[in-house]
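Next come two complexes built around chain A: one with chain B, the other with chain C.
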Partner chain A sequence: MDKLRYYLSVASYSMKLSMKKQLEYPMEIISCFAMIPMMYATGILLLYFLTQNLKSIGGWTFPQLAFLYGIGDLSHGIMVVFSVQNWFLDRYVNRGEFDRMLLRPLNVFFQFSVSYVNIIGIMDVLVGLSVFIYSCVLVKFSWTFSNIVRLVVIILGAALIRSSIFTIFCSVAFWTKRCSAVTALMNDMLERTTLYPMTIYPRLLQLMLTLIIPVAFISFFSSCCFLGIDSSFRLPADAAVMTPAIGIITFILAQAVFNWGLRNYESSGS
Partner chain B sequence: MGAYLYLAKMKLMAFLTYRFEVITSLGTNLIILMASVFLWKTAYSGTDAISGVTESQMLTYTIISVLLSSFFSSNIEHSLQERIAQGNIALDFLKPINLIFAYLSEDIGISMSSVVSKLIPVLIISALFVQVPLPGSWLSFLVFLISSMLSYLILWLINALIAVLCFWTVQLGELKTVKDGIILLISGKIIPIWMFPKWMQKVLSFMPFQYVYQTPLSIYINRITRQEIAFSLFIQAIWVLFLSLALIMLWNKARKHVFIQGG
Partner chain C sequence: MIVISADQLSKKFTVIRREKGLKGALSSLIHPEKITVNAVDNVSFKIEKGEIVGFIGPNGAGKSTTVKMMTGILHPTSGSVEINGLSPFKDRKKVVRELGVVFGQRTQLYWDLRLGESFELLKRIYQISDSMYKANMKQMDEVLGINEFIHIPVRQLSLGQRMRGELAAAMLHSPPVLFLDEPTIGLDVEGKHSIRKFIREINQRYGTTVILTTHDLDDVEQLCSRLIVINHGRIVEDGPLQDIAERMAPYRFLVLEIASPGIGIRHSLADTVRQNGNQVWLRFRKSEISASRLISDLCYSYPVLDLKIKEPDIEDMIRELYKLNDKTGSGVCN
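On to the complex of A and B.
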C-alpha cells in the first residue's frame, strides 16, 4: 500500500512538472486549441456526407455511426492526454532520455508513462466528449446508472488499448532509432478502422482486427452492445467486461515489449 | 537545369535509403486503399450506380486517388521549417540558384522516389486484389496526366505558401495537420465532392482544393464531358498562376524578414 502511494506521488509530481513546462508557451497551446476541433469535424462530416448519399453503411445509420465515432474519438482524446509520448519514443531514445530514468530506482516504463501529460490533449477530450454527447442524443442513449458505469469503463479500457498499441509499435524505435513513420501508420490505421463498422471488412480482416491488433474492442463491440446491433462475433462476456480486460492484457504486453526494447537501448553517448 | 536535376536525384537517393520508413509509409497507403475499397463495396451492394457512377468506376477512382496521394508527397513544409529554425536558410540564400525552384526540384525528387517505393507496389497490389484501374479511354488518360501535373503544382504551391509562414512563426505546429485534414475532406480524395450538398459544391468550386484530386480523377474515370474537362483544366491553370504569384510576393517579403533578423 505504501508502495502504491509512493508511485502515485511520483506520478503526480512528474505530471505536474510536465504541465508547467508546457504552460511556459501559452501561445502555442492556444493556437492548437483553435485547430483541433476542425480535425475532428472532418471525420464526422465525412460520415454525414456519405450517409446522405448512401442512407446507411453496412446497415448502420448516421446516428449509429456517430455513436461509434464518438466512443472512438473520446478514447482517442484520453489517450492523447496521457500517453502521447509513445509517438515520440524515438526522441527519448535519440536524446538519451532513458539514461536518467535508468539511474533511478524506479520502474522505467512507469517513469516513461508519467513523464508527460499533454495539456493540448484536453482539447481533444473536450471535442471528443462533445461529439460523443451529440451522438448519444442522436441514438437516444438511455442514461441509467449502470449504462454510465459501463460507458466509463469501456472508454477507459479503449484508451488503454489505443495507448498500448502505440507503445508496442513505437518500441521499434529502440532498434531503428525512428518511429515517426510507424506512428503515422498506426494513426491512419486506427482512424480508418474505427471510422466505419468492422462488418464492412472481409471476415479474415475482422478476425485480424479482433485477435491480432484488438482494434475492434476500441469502439466496435461496445457500440454493437449498446445499440443492439449484431457484431457477428460471440463475445464471452459483456463489452463492459471485455474492453477493459483486453485493455489490461495489451497493457501487460506493451510493458513486456517496452522492456525488451529497453534492454536493447544504447545511450546517445552525450 | 543541371543543378536542379542533381538536387532532385540526391533527394531520391536519400529517401530510398531509409528503407524501413519507406515500407511503413507504403503500409499507410495500403490501409487507406483497403478501407476505401471495402467502404465502396459495401455501399454498392444493392445498387448499380450512385450519382451516376458505377462500382467499378468508383473503385478505379479510389485506387487512382491513393496512387496520386502517394505521388503528391511533398516535404517543403518540413524542410523549410528545419532550415529556418536551424539558420541554414541563410546559407541557402548565398547559393546562386532560385530557391523556390530548388525546393520544388527536391520535392519532385521525393515524388519520383515514391513512384518506385509506393506507386508501383500499390498499383500492383490493387490490380491483383481489387481490379485493374483502367482509364475511361486513352484520351482521358493523356488529359489526366496533364491535369494531375497541374494538381501537383496547385498542391505544392499551397504547401509552399504555408511553409513560408515559418519565416514569421518559426514553428508550424498543427497547421500542417489541419491543412491535411481539410484537403482530405474537401478535395474529393476520399469522398467525391459530387456527393456533397449542392450549396457546398458551389462554395467549394471557388476553392483550389477540389482541383487537386477530384478534377484529374473525374477525367480519368470519364465522368465529365469534354467541355467540362476543358473548363476545369483552365481553372487549374488559373489557380497555378494565382498561387505562384502569391508565393512570389510572400517569398520576397519573407526574404526581407530574414535579413531583419540578421539570419
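On to the complex of A and C.
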C-alpha cells in the first residue's frame, strides 16, 4: 500500500511537471488544437461518403461504422495523452535520457511512462469523445449502468493495447537508435485496421490482427459485442473481459521487450 | 572501509568503420567492418570511504565510461564493480539510492521550470521527509546560495548558478557517495571556487566519498587526495598528486639573472638548460641538491643579480604522461 502511494506521488508530480513544461509554450498547443479536429473529420467523412455510395462496408452501415470508429478514436486519444512518448523513444535513447532514469531508485519503465503527459492529446480525446457520442446516438446505444462500465473498461483496455503495441515496436530504437519509421508505420497500420470492420480483410490477415498484433481487440470485437454483429470469431468471454485482459497481457509483454532493449542501452557520449 | 572496488573492469564497444563516399556507405552496409574499441581495459582500483579521487585523462580516455559503469548506467563487458559490496547492475535500485551523480554536460533539472520544482520531484523520488528536506535545503542555501535563484526557471540561470543547482539536486538525499563528471566545465573563477568549496565542505562534514572527473588541474590540486590518470582505457598512474609529481617530474628549475650575458654558468649537480642573454635556467633534482645549497654555490662563484625557483608545471607533467602512453602503446600499469 505504501509502495503504491509512493509510486502514485512520483507519477502525479512528474506528470504535473511535464504539463507545466508544455504550458510554457502555449502557442504550440493552440495551433495543434486547431489541427486535430480536421484530422478526425477526414476519417469520419471518408466513412460517410463510402457508405453513401456503397450502402455498407462489409455489411456494416454508416452508424455501425461510426461506432467502430468512435471506440477506435477515443482509445487513440487516451493513448496519445498518456503514452505518446513511445513514438519518440529514439530521442530518449539518443539524448541519453535513460542515464538519469537508471540513476534513480525506481523502475525505468515506470519513469519513462510517467515522464510525459501530452496536453495536445486532450484535444484528441475531446474530438474522439464527440465522434463516439454522435455514433452512440446513431446506433441508439442504451445507456444502462452495466453498458457504461463495460464501455469504460473496453476503452481503457483498448488504449492499453495501442500503447503497448507502440512500446513493443518502438523499443527497436534501443538497437537501431531510430524509430520514427516504425512509429509512422504503426500509426498507419492502426488507423487502417481500426477504421473498417475486420471482416473485409482476408481470413489470414484477420487471424494475424487477432493473434499476433491484437488490433481486433481495440474496437472490432467490442463493437460486434455491443451491436450484436457476428465477428466470425468465437471469443472465450465478453469483450468487456477480453479487451482489458489482452491489454494487460500486451502491457506485460511490452515491459519485457522494453527491459530487454534497456539492457542493450549504450548511453551516449561524454 | 572500502566503498568502491573495481576489479579488472573492461568495456568494449563495437563500432562499424565507415568508408568514404556512397560506394563506401553501400559496402559497409553489405560487409560491415566491425572494429572493437576497448573504451576501458582491465581497470582495477579500490576507493576508501571519505576519499576525494580525481579521474583525469584526455578526451576519450575512458573516464566517463568508467564512471558510467560504477554508477550502473553501462554494463561492463567483463570484470566487476561493487559499491558497498553490491553490484550496481544486480541491485541497481538499492545502490543508486546511495549515490549522487552530476554530469556537467547534461542536466537533471527541468529546463523550463523553476529550480525548486525539480527539487520537489527529487524529494518524492527519494522519499525525503519534510523535516529532512527543510534541513537539507537550508544547508544547500548556506553553502551554495540556492535560495537566491530557486524561483527562476532553469533555462534563465547562469551556468554557475545551474551547476550549483545540479550539485544541490545530487546531494538532496544526502548520499554517502558523490560522482561528479566535469563539474567545473565552462565555469568562471568564482563559479569554480564555490563548487570546490562545496565539495570540500560536504567531504569534511559528512565524510562523503567524492569521485570526480575533470580536465581542470586546479580542481585536482585543490581537492583530490588521490589521482587516477586514465589513458586509452587504462590506468596510467594512481596515487597522491605529490607522489606522481615527484615520480614524473623530479626536477625543479632555478632561474638566474646575471650581471653580464657572456658568462657561462656551470654546476656539477645542475644542468644549464637554457641561456637567454642575462637569464639562465638550471635544472636540478631535489634528491641530489637542495635549492639553498645550489643558490649559495652559484652566488659565491657568479655575479647573480636576482633569482627564482620554478616548480615543475603539473600541466606539463600531465601532458608528458598522456604522450608517454601514446608512444609505448601499452599502459605502464602498476
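Please note the rule applied: the second predicted complex is superposed on the first by the 269 of 270 C-alpha atoms of A that agree within 3 Å, B and C clash if a C-alpha of one lies under 4 Å from a C-alpha of the other, contacts with A are read in each partner's own complex, and residues count from 1 in each chain.
Assume a residue touches a chain if its C-beta (ideal position, glycine included) is under 8 Å from a C-beta of that chain, and two chains touch if they have at least 3 such contacts.
A quick note: this is a predicted structure, and the numbers were derived from the prediction, not measured.
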Superposition on chain A - do chain B and chain C clash or fit: fit
Chain B versus chain C as contact partner of A:104, first or second or both or neither: second
First (chain B), second (chain C), both or neither touched by A:149: neither
Dominant contact partner of chain A by residue count, chain C or chain B: B
Chain B versus chain C as contact partner of A:263, first or second or both or neither: second
Which of chain B and chain C A:96 touches, first, second, both or neither: second
Chain A-centred angle between chain C and chain B, computed on Cα centres after superposition, in steps of 10 °: 90
Chain B versus chain C as contact partner of A:252, first or second or both or neither: neither
First, second, both or neither for A:207, with chain B first and chain C second: neither
Contacts of A:178 with chain B and chain C, given as first, second, both or neither: first
Partner chain(s) touched by A:21 [first = chain B, second = chain C, both, neither]: second
Contacts of A:13 with chain B and chain C, given as first, second, both or neither: second
Superposed arrangement (fit on chain A Cα atoms) - minimum chain B/chain C Cα distance in Å: 6
On chain A, positions contacted by chain B and by chain C: none
In the complex with chain B, residue positions of chain A that touch it: 28, 31-32, 35-36, 38-39, 42, 45-46, 49-50, 52-54, 57-58, 176, 178, 180-182, 184-185, 188-189, 192-193, 195-196, 200-202, 205
Chain A-facing residues of chain C, complex: 13, 64, 68, 71-75, 92-94, 96-97, 99, 101, 103, 105-106, 108, 110-113, 117-118, 120-121, 124-127, 153
Touching residues on chain B, where the partner in the complex is chain A: 18, 20-21, 24-25, 27-28, 31-32, 34-35, 38-39, 41-43, 50-51, 171, 173-175, 177-178, 181-182, 184-185, 190-191, 195-197
Parts of chain A lying in touch with chain C, wherever the complex brings them together: 6, 9-10, 13-14, 17, 20-21, 24-25, 96, 99-100, 102-106, 263, 266-267, 269-270
